[in-house]
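In structure tokens below, several structures.
Paired with subunit B in one complex and with subunit C in the other, subunit A is shared by the two complexes that follow.
Entry: the complex of A and B
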């Protein structure tokens, strides 16, 4: 089967230049051996702590950041090898919604200007009447009122602004939407509305999605599959319900255990997650070893399992099958 | 926006005073031909001269501000000097702003070597005292109002370049620029449509503060004989012509006070007005003050 998005063994490092002329450049690995597929109309969640490389992966997929090795293919085309024209074509296939709707809309453009920009850039809907019609249907599709087209971003609420950002991403009718924590900056009632909107749109427009989040409840609602990322690596990837009800990797388990349960008695009885870091384990191939509560020196020194094609489940832990009592979690 | 700015100006007494002063000067500049009818049709900035008597004459019915050395009319000098001051201040600030905007945004946008070269050059210009540098440039080009404006522009742009660079760097990081890039927008569109419109406001405030300062520097250059030619209705020139009369004549120190106090006072009020108004702008555009 051909996947619209195929990321294989992706490596990316950021280089920090030392002092001017003097000093050596430092390398920081941000993505390491990332393999991820997104099927047609599939919503894949990407979950992890802040700074683990989620947003960088999104930027690589958008073609906004380069990568050192590995391959990133969208519809069979390798992003690294795209020409300028090919890159522009990619924009019509992959679009993005950012986290903060207060900084993702230009404060000096009206909603009309914001939504027309993609068409201006790609020379679409040049006919005035046709553009007006397309604009109205776009605005209605995200649940906004076309009468507000000439308002400025500061006149809208956070939720409405995020709807504008979604409309802008949909203007080019992409097949894949990269949603970088699109609801994290919104309050809970608005989060639900935006999530419903994203779900509806993904169905009605046959949209695949890379949904980045740090909230399992949100990811559970929307995603078909969830990948868990830690320090630039994907540690576990599984269909949503399997991952949440039966986490295989100790890190996934720890993340799930960190989600509070809305029951004070149950919450008190749960064991708190240890944040202690054992530095003497840093030579271990597993990036999570320094924090792992199941660490065993002999076993964890083995190389990590590699992701193979066609697996529905993947877990980067050498201690598989990872045995423990099945527990119920809040999400 | 304009209404809000005006309301805020009126709330603050200092900025209101600044606004009134600048508005008065603007009216004088606008109606200069009415207030002081042109004497020399070829060059309205030519001061009328009633005789070649060296000694200044005190205010009288004919010359309400008196006359300075060689009987140049002070009133005419003040009125047309206002127009010249606006011309110099606004032209120089405009071009300095433009150069700074271009260099600063190029440095910030391209980064790397371009940034390094432009900003180190800016640092070099900054390191030389601006009045001295302006004097050198004006002296090389020859004494003339146009050359003086070139010299002033050459020393005024670095502050804009620095300011614009900083603001472009910060706006460049914002999500709406990345979003626009993700839509397929490239360099010129990003810079002109998204980055610059969001980055020039602080520079506009500095420009309003700068107009007064530019006029002051222009007056210094004219005083030193590097700007307007003798006989030009220029405030600095009026003060230059008063140089020999500052100390008065034997026994009476203040005998020729009007030759210094009138042009000096006008410059003082003009610069004060712009400074107060600029401070007002700065307060208004400061987001912390709602």
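Entry: the complex of A and C
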């Protein structure tokens, strides 16, 4: 089977320059051995705490960040080797929706200008009448009113702006949408509208999606598969239902346990997980060992399992398969 | 037990306006509630519904242009609005403490966090600098900041967002206030840290009978921490009830919609029942019920006349239909 997006053993580091003349350059690893693929029309969720590298991975996939080693292929094209013209072509295949619709739309462009810009750049819909028609159908597809095409972004509410951002991403009819926390800046009632929209669009337009979120509930609603990231590594990756109902990695389990549930009786009886960090475990190959509640010195000193191709389920824990006490946290 | 004696904070018919030249925008239109010792009231609503403005007004911290046009705020029977600057200063921080929404901008960037914490303590007590410092260390440890003693000499930028938020919380709690006002205290945090902080607040509330007004749009947090819930919409209180009743039997169509549009971690849904439309802009001249334009039950009367707040089955609701028992309660 052919995968539109193949990320293999991706490594990325940021360099931090030390003090002037004297200091050494420091390297900070942000992505380590990341292997992930996204099938045609598949929605893959990427979940993790802030600073774990989710957004960096998205930027790499969009060609906005370089990487040191490994390979990132979109439709068989290696991103590292792409020319400027190649990147322009890539933009027609991969598009992005950002988190904050207040800063991702140019305040000095009307909705019409915002939506037509991609077509101008790529030379599409040059015929005036045809463009107007395409514009209207695009705007309707995201649930906006074509009569508002000449309004400015500040005249729209947060939810409407996010719809404009989605329309802009869809203008070039990409195969893959990278959505970086597209609903976390929105009100609850509007969040549901946007999630429904994303789901409908992904079906009607045969769209694959990398959906970045820190919210498992949102990921469950939308995603076919979920990858859990911690300190630049993917610790667990599995089909949504399997991951949520039977989390295998201790970190996934802890994350799930921390999600509050909107039920006062149930929520008040739950016990949050400890976040204590045991610094003496830092030599361990597993990045999560210092916080892990199942840590065992002898076992956890072993090298982590490697992700192999064709695995439907992957878990980077050396103690697998291990018997957890019946999980208190599984959903 | 006489419930009256336990009332620590009471807000009566609070109206707040923002003035921009001749233009007047009414953002809060008659809010009343009473808060008892050791209880947590959650104020829920979407952006622009007046929830943050109401919190700021309790400490008389409204931004320029903001003005309380009617109503009273009583703290232990004393009208806060009539207090002088000096009297207010004694109250703020020591009795009434606030956790602000944005930890990035609420700390002074050019002073160490130790100085900022010690300053707060010294301003209200007559203890020595050394004791104040010891107390600051103790509090930082309590909110889960490792190496508290050393980190006291660091500046806000040396802390992560979550840590800064926790420092804000430590600062708010350092004098054992009797009322804590928390404006979206955990919005910027990851679920794991959020769970930790909610646990801390609950513990303090149990230990020292601290009362709290918790402002949030996250209903799962409400379920976790609140005793009573007040739902704001378009500057009006639309429903008030005990937390268990509210979640079990939401009565106002808006509350029902909010709870319905939550994404669940428990089950996979095909389509979310979102509330159509968008929340009204602040100060939209209202005639009738503020929710009528989005309400599935709206009738002619709803669009013309504002429904009064009525008691019904332990809920206080602002809806014509509840009074007539037309809406089936609950889901």
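Note that the second predicted complex is superposed on the first by the 314 of 331 C-alpha atoms of A that agree within 3 Å, B and C clash if a C-alpha of one lies under 4 Å from a C-alpha of the other, contacts with A are read in each partner's own complex, and residues count from 1 in each chain.
Keep this in mind: a residue touches a chain if its C-beta (ideal position, glycine included) is under 8 Å from a C-beta of that chain, and two chains touch if they have at least 3 such contacts.
Just so you know, these numbers come straight off a predicted model, no measurement behind them.
In the superposition on chain A, A:96 makes contact with subunit B only, not with subunit C. Number of subunit A residues touched is higher for C, counting subunit B against subunit C. Looking at the shared chain after the overlay, A:307 reaches neither subunit B nor subunit C.
In the superposed model, A:193 lies in contact with subunit C only, and not with subunit B. Once chain A of one complex is fitted onto chain A of the other, the partner contacts of A:122 are limited to subunit B, with no touch recorded for subunit C. Of the two partner chains placed around the shared chain by superposition, neither subunit B nor subunit C is touched by A:248.
When the two structures are aligned on the shared chain, A:202 is found in touch with neither subunit B nor subunit C.
Using the contact criterion defined above for the overlaid structures, shared-chain residue A:168 touches subunit B, although it does not reach subunit C.
Within subunit A, no residue touches subunit B in one complex and subunit C in the other.
The part of subunit A that touches subunit B in the complex is made up of residues 62, 64, 87-88, 91-92, 94-96, 98-100, 103-109, 117-118, 121-122, 165, 168, 172. Residues 46-47, 144, 146, 160-162, 190-196, 198-199, 217-224, 226, 243-244, 247, 257-259, 261-266, 268-269, 271-276, 278-279, 281 of subunit C are the ones touching subunit A in the complex. Note for the complex: subunit B touches subunit A at residues 174-176, 178-185, 189, 193-194, 197-198.
Listing the residues of subunit A that touch subunit C in their complex gives 49-51, 157-160, 187-193, 195-196, 199, 214-218, 220-221, 240-241, 244, 254-268, 272-273, 275, 277, 331.
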